Amino acid sequence: MSDVLLTIENVTGGYGEADILFDLNMKVHDGEVVVIVGPNGAGKSTAMKSVFGLLKIRGGTITYDGHDITHDTSDAIVRRGICYVPQTNNVFPTLTVHENLEMGAFVRKDDISDSLDRIYEFFPPLKEKRKLPAGTLSGGQRQMVAMGKALMLDPKLLLLDEPTAGLSPKYMDQIFSIVKQINELGIGILMVEQNAKQALGLADRGYVLASGKNRYEDTGANLLANREVAEMFLGG
Amino acid sequence: MEILQLVLYGTILGSILALGAVGVSLTFGILRFANFSHGDLMTIGAYVVFVVFTVMKLPLWLAIIVSLAVTAALTAIIDKLIYRNFRNSDPVILLISSFGMALILRSLIQLIWGPSTQVYEKGIQLAIKFGGGLRIKPDQIIILVGTVLLIIALHLFLRKTKMGKAMRAVADNAELARLTGINTEKVILCTWLMGGALAAAAGIFLGLDTRVFPEMGWNILLPVFAAAILGGIGNPYGAIAGGLVIGISQELSTQFIDPSYKPAVAFAIMVVILIVRPTGIFAGRSS
Amino acid sequence: MEGLINFGILFLTMAGIYGILSLGLNVQWGFTGMLNVGIAAFFAVGAYSSAIVTSVGDLPHWGGIGAPMIIGFAAAMIVSGIMAFFVGLITLNLRSDYLAIASIGIAEIIRLVLKNEEWMTGGVNGFTGISGKFNNIFDGGHALLYMIMVMVVLGIAYFLCERAYKSPWGRVQRAIRENEIAARAMGKNSLSFRLQSFVLGSAIMGLGGAVYTHFTGFISPEAFDPLLATFLIWVMLIAGGSGNNKGAILGAFIIWGVWSGTEFITSSILPADMATQGAYLRVLFIGILLQAILLTRPQGLLPENAPQPDKD
């Protein structure tokens, strides 16, 4: 693998007094797809938020592209080229699809029309609905808006929190293939997924979290083949 | 015919309330608190016109522009000095602070301009009569036209400019806005500037329609809040409709009840809304 | 010397009355986190209720029933409590901003009624015929007696508030305050708890109004303007320490001291024809004082110290 893009090193922290993450370690290399799986409440979303400066981090460091970003603010992190699609409420519901995409490019000062065209090419259903408020779209399409919004900055690393949660199987497959396509553009991806089978099938590497701690770490294929992991998280 | 005349007066009062309520709604949408000093900002706006137009005898349009700018700047300064320190506190602390700010502003107004009532121009304006015996005063035409212009300008700002869209984004979901890289401090500054300018406009128009005195803004705060709640607090478009409904209801009510109870009409409408549909009748946001 | 004693008695009586009001607000805001910005409404309703049932004589407005003062106190608490019940029923399930707005609305309406309904309240001319044992307090020893009675009422109110705060009931109120959203999701049960606290707090404010009425022997709408009857009490509670009953009382005494002290200062510094300016300066000062407290010591002089759940 090539250069390390993101390193989470011995991170301990939480939202308030109590720690949620304990000595967490993760890495994402340039252009890699890394998947985090684990039971509900394991701290998967929290791990993502730790990267984005939304946590009180009491120990450890987070580095991106050689810079320590442990205590950076969210907008500084966005400017560095990391985009984050949260698990829920990830679009602006009263803004139109088009405006959502524009907001994704808020930190850019240059002309964004090329990027907009590219996103519409990438997500054809959005082009039709560009003038509708994002809140009126179906779950799958909203997820596309959220991802499209994140791609407006041409990030080098994309954090996706359960992009297929609550979607019908048809949309699920679509989202997974989009993730693959995004990755083929050379964008590194760190993704939390409940559909562990499909996600690990796509992943270069995967992490299994439980109770805020690392449990397993291996290539996607090996994790899929691991019997313990399979029993714990893949429904036997 | 009397009824139509009252509807016209109600529309004029409604325009004033709408401008006030839009300002309240904008600040509520972004900062999540009901700004109790909004009424006294209106009063400041009214007095600045009194100084520039009545005392310095400069043209009214210039006085209005100066007043919007001064009040907007004052609002931004208040934020820098006071409100900004409460960004990470519970928004109700902001509400309490704004209540104190209301009194600070009012006592400053009273210290500078005294307690007495002023008018922009002495003498009685002749009403213009038109179709069916309806009457309207030139000042009231200024109010109606001014309100329409300001609301169009606000609409274009919110729909067409990057900052306007960012304001709507922050109102939708402040955390997501931050994660998206939107500079929320800049959005907040912009919100205060617009809120202050709109408050000034409402105050000026109220002064044009009636008189200028230190409690004018505080006295109208209740109908302004009622209009904002009616429109779904946080939703500036609803606030416009809410202002018109409250204004017209208040004027029509004078047919049946003592005019001094006009604010009670606003209150009654607000109570009904709070009972049946607290998110407002004009597709407001849920809280 | 006599003047000083009279001043002291007057001061303690007024501070004691404000202490009662501040305790009422502490129940609502300090215990439960409910934002009542219309204290004046409950204060005034209590004052007028007591005036109506206790006043004597042939009056140009309601009243003349001539009941004893204690009945007046009870009436004040009941009427303010009932009014609070309805206000609370409408707003307590909503965001706290709505309660704030609705309460300011109530205060406004009450002010209008007091001013306009002469047949009931005497209108702007005020309510006359307020009687009671302690009337004409400036005629002699009665003033001292009344002050003692105010202190006793304040003491009882403090004792009850303290009991309430430390009880399981108080613990529920704090839980509601700490997490408004979760508490709202609890639904009916939480509404009922909030209503209880709101009604209790408002009844105490009503009591404060009644005590005030029999002290001054005359009331008019002016006495209940938002500055004196709402804002000052907020500053008192926040300065003293929200959530702390002792703090509520301490704040009342200190801020009333500041308020009357500044009157003393402005009236001795400014020439007589600038008396009104002096009043504005004092308001300005109190407004700035509130901001300073919120910025530098939001927990107040005596911060809340909640009893540990496992201790009692």
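Just so it is clear, A, B and C label the chains in written order, and each chain counts residues from 1 on its own.
One rule holds in what follows: a contact is a pair of C-beta atoms (placed from the backbone, for glycine too) under 8 Å apart; a residue touches a chain by one contact, two chains touch by 3 or more.
Labels paired with UniProt names: A = Amino acid/amide ABC transporter ATP-binding protein 2 (HAAT family); B = Neutral amino acid ABC transporter membrane protein; C = Amino acid/amide ABC transporter membrane protein 2 (HAAT family).
Since the model is a prediction, treat every value here as computed from it, not as a measurement.
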Which chain has its C-alpha centre farthest away from the C-alpha centre of chain C?
A
Most central chain, judged by mean C-alpha position against the global CA mean:
B
Approximately how many whole Å separate the CA-defined centres of chain A and chain B?
42
Distance from the CA centroid of chain A to that of chain C, rounded to the nearest Å?
54
When centres are defined as mean Cα positions, the distance from chain B to chain C in whole Å is 30
What parts of chain C, by residue number, touch at least two of the other chains?
none
Interface with chain B, chain A side, in the complex: residues 52, 54, 74-75, 78-79, 84, 86, 89-95, 99, 102-104, 106-107, 149, 153
Residues on chain B engaged by chain C in the complex (per definition of touch):
28, 33-34, 36, 82, 85-86, 89, 91-93, 95-97, 99-101, 103-104, 106-108, 110-111, 114-115, 218, 221-222, 225-226, 229, 233, 258, 260-261, 263-264, 266-267, 270-271, 274-275, 278, 287
Please give the residue numbers of chain B that touch chain A in the complex, ascending.
162, 165-166, 168-169, 171-173, 176-183, 285
Chain B-touching residues of chain C, taken from the complex the two chains share
33, 35, 37, 90-91, 94-98, 100-102, 104-106, 108-109, 112, 115-116, 226-227, 231, 234-235, 238, 276-277, 280-281, 283-284, 286-288, 290-291, 294-295, 298
